[in-house]
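Please see the structure below; I have some questions.
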Amino acid sequence: MILTDALLDFFLETRQHTESICQPLEIEDYVVQPIVDVSPPKWHLGHTTWFFEEFILKPHAKDYVEFHADFSFVFNSYYETVGKRVVRSDRGNLSRPSVKKVYEYRNHVTQAIKGFFSGPQSEELRAVLEIGIHHEKQHQELLLTDIKYILGNNPLLPVYSEQFQDHPKEIHAQDWIAVDGGLYEIGHATESFCYDNELGRHKVYLQPYEISNKLVTNGEFAAFILDGGYQRFDLWHAEGWDWVNQNQIKAPLYWHQINGEWHHYTAQGLQKLDLETPVTHISYFEAFAYAQWKGHRLPTEFEWEVAQAFFPWGKRWEWTESAYLPYPNYQKPDGALGEYNGKFMVSQKVLRGGSVATPEKHTRHTYRNFFHPQLRWQFTGLRLAK
Amino acid sequence: MILTDALLDFFLETRQHTESICQPLEIEDYVVQPIVDVSPPKWHLGHTTWFFEEFILKPHAKDYVEFHADFSFVFNSYYETVGKRVVRSDRGNLSRPSVKKVYEYRNHVTQAIKGFFSGPQSEELRAVLEIGIHHEKQHQELLLTDIKYILGNNPLLPVYSEQFQDHPKEIHAQDWIAVDGGLYEIGHATESFCYDNELGRHKVYLQPYEISNKLVTNGEFAAFILDGGYQRFDLWHAEGWDWVNQNQIKAPLYWHQINGEWHHYTAQGLQKLDLETPVTHISYFEAFAYAQWKGHRLPTEFEWEVAQAFFPWGKRWEWTESAYLPYPNYQKPDGALGEYNGKFMVSQKVLRGGSVATPEKHTRHTYRNFFHPQLRWQFTGLRLAK
Amino acid sequence: MILTDALLDFFLETRQHTESICQPLEIEDYVVQPIVDVSPPKWHLGHTTWFFEEFILKPHAKDYVEFHADFSFVFNSYYETVGKRVVRSDRGNLSRPSVKKVYEYRNHVTQAIKGFFSGPQSEELRAVLEIGIHHEKQHQELLLTDIKYILGNNPLLPVYSEQFQDHPKEIHAQDWIAVDGGLYEIGHATESFCYDNELGRHKVYLQPYEISNKLVTNGEFAAFILDGGYQRFDLWHAEGWDWVNQNQIKAPLYWHQINGEWHHYTAQGLQKLDLETPVTHISYFEAFAYAQWKGHRLPTEFEWEVAQAFFPWGKRWEWTESAYLPYPNYQKPDGALGEYNGKFMVSQKVLRGGSVATPEKHTRHTYRNFFHPQLRWQFTGLRLAK
Amino acid sequence: MILTDALLDFFLETRQHTESICQPLEIEDYVVQPIVDVSPPKWHLGHTTWFFEEFILKPHAKDYVEFHADFSFVFNSYYETVGKRVVRSDRGNLSRPSVKKVYEYRNHVTQAIKGFFSGPQSEELRAVLEIGIHHEKQHQELLLTDIKYILGNNPLLPVYSEQFQDHPKEIHAQDWIAVDGGLYEIGHATESFCYDNELGRHKVYLQPYEISNKLVTNGEFAAFILDGGYQRFDLWHAEGWDWVNQNQIKAPLYWHQINGEWHHYTAQGLQKLDLETPVTHISYFEAFAYAQWKGHRLPTEFEWEVAQAFFPWGKRWEWTESAYLPYPNYQKPDGALGEYNGKFMVSQKVLRGGSVATPEKHTRHTYRNFFHPQLRWQFTGLRLAK
């Protein structure tokens, strides 16, 4: 368990970082929700705050004065345990509370937590605080991808920031890493923080396999498009093929063909497509179709975890072939926190790695991200296996 | 035709009034679109400006410098003639241009029009300017009702303004005005401004009828609810009955039952229901069902026009039994302005009168408003006939 | 009032005619419901029977033994007064009762009515019988159009019957009939049968107008298509334009372009388009757009009624510009029969005339048919006015 | 490889059995499609026939005369390789070809196959014939469940057959079978027929576990309902909870509460709920929620396969916790048959076992069935593990 002082520093630094992500925004950017998967930045600011208020301050801090009686309704996300909530698709319809009020709310709760943890608190409460910090770090990643979607779908294609680099190159030579078949240990092993879904550590038998040391790049993906990859049904799952046709998908998200040349929207605005950047903003369906086209396949999450030390990772969340399922002996935590991960363990695919949007100290090699197979507003990518 | 000077005053005063309607708003309130019928205030500010730029400045003012190349795309509403436009349901997804930028756009165009009409201009152009002013006045009304929807559907139910009185009482005694059968002239008769749909003036034969001198009040409508009006299918059109059931309609929009007592959301926030205010925010379906319940009916738009001098009006747009259809010899104007009214002449009902949200000098006794029968975010109301 | 004997003959002949319409069908054709507007022929056979059982035999014939307890649930259409009913969109999901059973049900009720009216019955009951007969005649028309849809949307395009001629030519020369302005009487005038919506007779003032003596033909409509009529937004209502684009409408229903040549599906199967047949299976939106393209307009229902003696009619139901509204002094009948017409008086357009599918003695010059503006599976057509 | 004679016998017996399943039907029952997942029996009869025509007779039998040029369009299911097909949701809209014609088609193809395989044919072709037979056996199972749905959703609740017993009891005492942790071989091992998705055989490491020797019964599931299982969100996946609420699910499919007592629709019509029958017609979501409620879990497909020899199975397809994914070294067959299984390997759950509807010799202990988690018209059931 982290010491209280270190934990408080971690908390304050995390709270500050969330706000620095929003620093380039206009007030108007905080409000909109162009698709249901994207939440307004204002909502992220409030919801991460609500977590500390709801699970620490309100039940445990005796003198705590609630900031606003209605905020627990406005900023609850999906915790059925904690009463009614604004329907997810309605978040972008709320102009109030104002951005200014939400920052006041943040400050109110940050100060209250700081005060509360100045005194001695139980290990249980420190554990909840640590979860709350990691919860906020998860939302930092969503904040960045949601902001990208909000700006990248605006017809004016505004710049987010000259500093944030969302298309790092992948310039080392491609090679295959061979791994022997055999029994391997999977899952979180140390005392440090992890989510419930990374436990318990267990044996998995793997067949011998090879995995690429390099992510698939924009240049390689452009070759797939040029070869008619989006028109060849035999490369796709039946559901993927329906998705391609119903949504008229012809390229990754944010790609624009202008006068016959590919461009992509980045944090610095619209730019000519960078061929050496790892491809991103693709769905699992597209990752799978690309692998089929290449005659290879996606790795399982276990193959990825076993081999991860042999390649650089952290630029793109990498789609795996694995479905998001509980590990053997998975224990759902009690109470509201039990809703955190377990209830999503159906119909989703596991992603491994972490991306340019992942905050420091947030991901690790046992971390399991998960999304529905058609989603692509995250910085998703693709590594081949065979 | 109005003289140029008077027209320019009218223009400047109208531009100013639009902005004064938005004065109480937070920046966030300018951005959202909770239902497809409601547009973000920011969009109204831009769209009314775009009209002057598109139809006067760009084609006719030689030295005019366009404010921003993409705004004609962003702020076009439904004019197919003038190229692509943002899909109506996407207006609330646009955080940019910012509110500040939109006000700069307004100012840029207001000044350019002022300059342009300082010199002599043709009667045709003055006529387009006059249409543009009336177009903006129409949007002032929508602005108010859209703002009410944005605030009135926010769980915090914020106050809009203490000044704007949206629930004026109707305290005179109810009486029936009897009108003889016979031939009457209908439609706009003078040289002053009117819309194409009010022309041409023509004869209509009316049977003898009676029409109420008073709008139906909240108190009377509450009696309809208490008597089970929303549960009696025989009072409703088949489409109305489906609408009631699919949307679980149990009262006018903005009515809330709290501890067994009716409240309504007003410009001053949530208040106890005012029984003497004319009922508002009802659909045509509800107006019709109420009339059925009373054993009466709605007047036609012709009956209303003939009798209007005998009762005070202007508090509520009043649903009539008439469908929105062209008058005999209706002429659709040429070009983009031809899209103004004619293309909506199907599936809608006529409303007559004007409401508390209607700007001064905007409505008149021949004015024909029109909405689909299920809509109720306007200040709609109901007058009985028999 | 018709004498009982004549009424019974009328009844028996109507019952027989319904069955003769179904004579060419395979059993399978009786069951399906390819779109919600089309009912399975089996359902029409049962529903028209249910009407006599529900409104005459069950309440009034003392010794009547109900054929099957569940049939009143299965064959009720939209009469909310008479309890639950199978949702309209589910009719095609019911394989039972079998066709054989439905014919037994028909026979059971036909015989019971025959027996019941062998004795003396009240004028009220004879009036209900007459309504039931006309109700069945309305369904005969629907039966024919529903059968055409069922067969005409089958990829095998089977022939319905060599006898039934659904594309009669319109070969007389086109001419305009001029009608003076003035007051005219509209609505049903005699003692013979009519529906509630044709009453009461009342005066209407008409401006002078001209109306064509001839329906628009396939050949003329093909010219509209060739001239790009389906691509010119300025010819369409806004709702019509959305309908065209969402449904990719490019020609009337049942038209097929094969190797560059127009064909149409008829009761005799697929045939080369007959240029001299009046165009049919068009929506109101298409009729309106055609008239706009020609520089003319559709007549109102009143203009049609006043002029109808001067042109042959009865081949196509003709779209009018009139909305379906109650006449002045319209009285909704009491009880379940009150649901017959009045509750549909919103959002629909009036059609006048009658079509090749209309049974003898069913339509008349005051008859008001009505459909939503996008529907086109009826034998709808178009006559111009100016 | 089976000898040709034995294969032909297998073929003829399979063809005959399909028709015997339909023997109790009325012609009308062959036509309807009450939900998209259910196909009309007529379609199954044609589609299984089309398979032999398309993949054997048309490409390989020189003198074969195609039965009807349009049938390959009408009866193709999802094979994109083989050209256009009737959209799945439209199958119930086709009254033609008639049932009689479809039986003629069956006979035509059966005889042609018989003739063709009287002479010597290659091993490849015999393999395709064998796949075709197994394909038809799969459809026999679907036929039975689709027929049950067609009749069981008819308000008359007709009896299918007194012979077919779809609710066999589960009367042995419940016990737990303990299995040691360790490496196990999974997948098809012998030369006999299997599908591509059962290959290749591979090692899986299992933790020690226990699995029930008995399926969960109706009586046990009724206790879950009584205890409020359908109202407790903490027992459900988030997607499952949405499904329960959107569809108002309160019990397994075909359960009816009549005067406070549970009944279920069976092949013999509506009966009082049999408490000792294994529960069936439940979704994966319901199976999972039941297991949560019991404090246990569902087995993985590997746990099931390893333990299957120790319990009787074959009454219900059993939901497992496993997602439907390719085995290591899975090879998708070339050509149209490659579309058979691989393209469905996303978003579905594996079921193991086989049911009362599974034809003899069709399932085996390595057989992998798969459905989306919300489906329940199959004879699905549930076995607990821990």
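The first chain written gets the first letter, and so on, giving A, B, C and D; residue counts start at 1 in each chain.
FYI, a contact is a pair of C-beta atoms (placed from the backbone, for glycine too) under 8 Å apart; a residue touches a chain by one contact, two chains touch by 3 or more.
What you are looking at is a predicted structure, and each value in this text was computed from that prediction instead of being measured.
Engineer: Looking at where subunit A touches subunit B, is over half of the residue numbers used by both copies, so same, or under half, so different?
Structural biologist: Over half of the interface numbering overlaps between copies: same.
Engineer: What chain is the most remote from subunit C, judged by the mean position of CA atoms in each chain?
Structural biologist: A
Engineer: Could you put a whole-Å number on the gap between the CA centroids of subunit B and subunit D?
Structural biologist: Each chain reduced to its C-alpha mean, subunit B and subunit D end up 58 Å apart.
Engineer: Hey, how far is the Cα centre of subunit A from the one of subunit B, in Å?
Structural biologist: Subunit A and subunit B have C-alpha centres separated by 44 Å.
Engineer: Return the distance between the CA-based centres of subunit A and subunit D, expressed in whole Å.
Structural biologist: Subunit A and subunit D have C-alpha centres separated by 37 Å.
Engineer: Got the subunit C residues that touch at least 2 other chains?
Structural biologist: none
Engineer: By the touch definition up top, name every chain pair that qualifies.
Structural biologist: Between chains, contact exists in these pairs: A-B, A-D, B-C, C-D.
Engineer: Which of the residues in subunit A come into contact with subunit D in the complex?
Structural biologist: For subunit A paired with subunit D, touching residues are 78, 80-81, 183, 202-205, 207, 233-234, 236-241, 284-285, 288, 321-323, 325-326, 328-329, 338-339, 343-347, 349, 373.
Engineer: Where on subunit B does subunit A make contact in their complex?
Structural biologist: Residue positions touching the partner: 26-34, 42, 70, 73-74, 86, 90, 92-99, 150-151, 153-156, 158.
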